[in-house]
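Structures are listed in the sections that come next.
Common to both upcoming complexes is chain A, partnered first by chain B, then by chain C.
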Partner chain A sequence: MIQDTRLIEIKGVSKSFGDTQVLHEMNLYIRKREFVTLLGPSGCGKTTLLRILGGFEMPTTGEVLFKGKDMTGIPPYKRRINTVFQKYALFNHLNVYDNIAFGLNLKKPEQLGCGSRAEMKAEIARRVTRMLKLVKMEGYEKRSTNALSGGQQQRIAIARALVNEPEVLLLDEPLGALDLKLRKEMQLELKAMQQQLGITFIYVTHDQEEALTMSDTIVVMNGGRIQQIGDPKGIYDEPKNAFVADFIGESNIIDGVMLEDDLVKFSDTEFQCVDEGFATNEPVDVVIRPEDIMIVGEDVGMLTGVVESVIFKGVHYEMMIRSGDYRWKVQSTTMQPAGTRVGMTIVPYNIHIMHKLPKEA
Partner chain B sequence: MSVKRGSRIFRAVWMALVLVFLYAPILVMIGLSFNASVSRSQWAGFTLRWYGELFRDPVILGALETTLEVAVIATIASTIIGTLGVIGMHAMKKGMADLLINVSYLPMTTPDIVTGVSLMLMFLFAKVPLGKWTMIMAHIAFDIPYVLFSVMPKLRQMNPNLYEAALDLGCHPMKALYKVIIPEITPGIFTGAMLAFTMSLDDFVISYFTSSDMYPNLSRIVYSSTKLGVKPTMYALSTLMFVSILLLLILINRRTKLEELS
Partner chain C sequence: MKRSWYATPYALWMLLFAVVPLVFVLWYAFTTPDGAFTLSNFAEFSKPRYAAVIIRSLKLAVYCTALCLLIGYPTAWFLAGRGLNRTQSLVVLILLPMWMNLLLRTYAMMTLLDDNGVINSALAALHLGQIKFIGTEGAVLMGLVYNYLPFMVLPIYTVLKKMDWSVIEAAEDLGANPLRVMSRVVLPMSVPGIVSGVTMVFMPAVTSFAISTLLSNGKLRLAGDLIDYIFNQSSNPNRWNIGSSFSLMMLVLILISIGFLRKVDPDNQGGGLW
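Then we have the complex of A and B:
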């Protein structure tokens, strides 16, 4: 589905507001029909990058290419890009129909392939109806936007953007204000719409689960820098550094020392691993997912510890297990009561070794 | 128990005193406007005679026309200037915007006599003869802050993404202004216009200094007639002015309340 052509290229883009630099030398390309998610904690620069793509901010340095042409100075109303804003930004003085038709009404009849104003009016009506069907809001044409629920307003905001048939749709945390169940439904619907329409989606969120569910490509950002670019599975299974490991899914991150290739020492114990190319005795971050730690008998474990607390999480139990001076988060479908001494084992390929992040603000 | 009752009576009496103090003069004037006798000390029965005379007096009707004309022109002009101005201020950087807005509100707190005298001095300095148009300009000047004051909160409440959404969907900035921003703040503009109109109708001091006897408005007529002994028609005129301004203010108040609810 995704074509190999680079639709958008972001080259060396930096952005400062006054003395604060929010984006540092970003380099990134986005392919046609790709669903790209910019993922990171608040303040990581993801929304600023989206606003640069939409034309609402100018990069301080660097350029943004659209199909190979520089579009850095092009204003939003001349871009074939539309945006779904975080708080919907529907026009309250217009009803649902006029909100969706807003962009089309600004066009000339020729642009919609029509010979006359009357023809154009009919064409707009057709397109709006089609959009309302797509977002499952048929029959709401005459409603006031104030009378809609959050989820319904979001659907109208999406329809209002998509009806213009943009080449790229920008979405700024569009599901942030919805409740969990509705959010999950909308995630699937958005993904289905993207595939059906074949439009490139660039999606901003701080919700890692949302990113994993919907994206073809995830761009993990922190402190105005890209931390890792990859597909959801790659990012989850092979996080490039401790930040990514911690942000995507849950992780145990523990200080370790790389003794030699494929051998790491942490918690005063040596472990086989599958990582090579580190310096001898290099201090590293060791990352282990809570579901990758197996609880075994005390006498056969690689590590031993005491269960401090147990929480039932639905599918699994989450236990905090103290071993030495580290508290391990362990997820398992079987429960060990608090106070039990247990053993833990970890298989080599579930131990992820990462270079220490450079210390900086 | 008795202490409680005592304090309740005290509160009621106090409240009554405050209200009497505030409204007694106006109630006396309204009463006298229906008094059949010219005397202020004697009630000779109810009459609408003074109201009838009022509407047959060409001087008063002329002044009414001037008052309304000034109010309508000043309202339209100050609403346009004020609305566009406040949109501009809102778009500025925060520090600058706050400074400009506070400077623009200041004339509301300046004593009318200072505003009036300084405007008069400016017109004389610029050699503009005092008359209807100088009065209109003065009214525009003192109406503008009321428009700013009413529109600014609407802009602050507005979702900042609305303007960007309009651009995003293909509007040029000017088109976004009148297709999205203006409709969104219309309630505030309306309230501002009504306030400006009320202030214009209400004004005496500034009009007195910036116009001449050739173009009297109603308040000037009332003022000059007091020099020759007050006729009951003046009570009737003042009563009508009081009631119409009161009604306008109630209307504005209800609008603001309704907006707060929605």
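Then we have the complex of A and C:
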């Protein structure tokens, strides 16, 4: 599905607002038909990067290539890119139909393959109807946008962008204002639309689960820098640093020392691992997912600890287990009551060793 | 105590000083000095010198409204710009004249436009001759615009300021160049503000009083001045009746124009000024 052609290339893009630098030397390419998610906490620069792609901001340095051509100075209305805005930004002086037809109405008949104004009108009607069907809003043509619910407004905003058949659709936290159930439905629908239409989607969110659900590629950002680029599974299973590990899913992050290849020491205990290439005695971050810690008998565990609290989470129990001066978060389908002394074991490939993050980041 | 009782002072006030006088106006307008019913008071206005005043009032009010809109809209657009940090003080500067008494403002205008006023003195000093302002319709129009411009800027500014700027970005994103963003999004979305502004300028302009008398040395009367003049005509036994009928006609005229404006902004989004 994804073609190996680079549709958009972001080369050395930095952006400053006054004295604050929000993007540092970003390098990234986006392929045709790819669903790319820019993921990070608020203030990480993901929306700024999206706005640079849309043409609403200019990079301070660096360039953005679209099909190999520099599009840095091109205004938004000349780009074959459309945006779904965070707060929908519908035109409330127009009804649903005219909102969706807005972009098409600005075109010349020949741009829509029509010979006359009348032909164009019919073509626009055809396309708007098709879009309304795609977003499941048939029959809403004459409604005022003020009378729509948040979810409905979002659908109209998506239809309004997609009807122009852009090569790239930018989505700025489009589901942020919807309730959980609706959000999950829309995630699947958006993904299905993207695959059906074969359009490149660039999606901004701070919701890691949303990113994991929809993306082909996730770009994890923090502090205006790219932390990791990879597919959802790669990012979840092999986070490159403690920030990514902490931001994607839940993690225990503990200080350790790399004694030699495949041997790490933390919690005063030596563990076999599968990481190599660290300096001898290098201080490292050790990341272990809560579901990768197995609770065993006190006498056979690699670590021992006392269960401090238990929370029922539905599929599993989440226990906080104190061992030495660290509280481990452990998820298990079997419950140990608070106060129990337990043992814990971790298999080597579930121990992820990461270089310490530079202090300023 | 019922909530509505709290409005009693206001209700009494209105009854005494608005409703009762209006009843009097109605009574006088349709009667002769002897108290007999008549429509002849209204016929007075077919007299050319009265008709001319009404036409002049309407004409100047329309010009004034149009000029205020032409000057006021770009100003409001500028003030509502998001790049502006100093807007608050700029808005105050523009609205400052509103806080000053209308007569004071008009006297200031007289000082500027007088034959020996600031402008003509400056022209004379530069040996550029003199321009006759006072007594012309142009001077009256300037006075009207000067007085009522803030009332056009404010409602438009309020609507533009409230507008979600991402809507403008959305229009650009969908292919609208700056001109089309203006004509297809910004202007249509600011219609409520325009309607409010037009109402707030047109209504006082058409009934304006004193401005034109002062700026024309009493030569050019507008509707308001005419009503004043009629009521003060001590030699005319019908003065109260004719004056009342004229007042009534102006009231109807204003009601008609409001009705028309209401059609343009049916949701009353411009702040509900009527």
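The definition used in the following text is that the second predicted complex is superposed on the first by the 360 of 361 C-alpha atoms of A that agree within 3 Å, B and C clash if a C-alpha of one lies under 4 Å from a C-alpha of the other, contacts with A are read in each partner's own complex, and residues count from 1 in each chain.
We adopt the following convention: a contact is a pair of C-beta atoms (placed from the backbone, for glycine too) under 8 Å apart; a residue touches a chain by one contact, two chains touch by 3 or more.
For clarity, every value in this text was computed on a predicted model and none was experimentally measured.
*Asks:* Give one word, clash or fit, describing how chain B and chain C relate on chain A after superposing.
*Replies:* Here the two partners, once superposed via chain A, clash with each other.
*Asks:* According to the stated criteria, A:349 is in contact with first (chain B), second (chain C), both, or neither; which is it?
*Replies:* Neither: A:349 stays clear of chain B and chain C.
*Asks:* If you stack the two complexes on chain A, which partner ends up touching A:82: first (chain B), second (chain C), both, or neither?
*Replies:* After superposing on A, A:82 lies in contact with both chain B and chain C.
*Asks:* With both complexes overlaid on chain A, does A:160 touch chain B (first), chain C (second), both or neither?
*Replies:* In the superposition, A:160 touches chain B and chain C alike.
*Asks:* Shared contact residues on chain A, chain B side and chain C side combined as an intersection?
*Replies:* 54-56, 75-77, 81-83, 85-87, 89, 91-93, 102-103, 106-107, 160-161, 164
*Asks:* Going by the contact rule set out above, which residues of chain A touch chain B in the complex?
*Replies:* 54-56, 75-77, 81-83, 85-87, 89, 91-93, 102-103, 106-107, 146, 160-161, 164
*Asks:* Mind listing the chain B positions that touch chain A in their complex?
*Replies:* Chain B reaches chain A through residues 159, 161-162, 164-172, 175, 180, 183-184, 186, 262.
*Asks:* Quick one: in the complex, what on chain C touches chain A?
*Replies:* Chain C residues touching chain A: 164, 166-167, 169-177, 180, 184-185, 188-189, 191.
*Asks:* Name, in rising order, each residue of chain A that touches chain C in their complex.
*Replies:* Chain A reaches chain C through residues 54-56, 75-77, 81-83, 85-87, 89-93, 102-103, 106-107, 160-161, 164.
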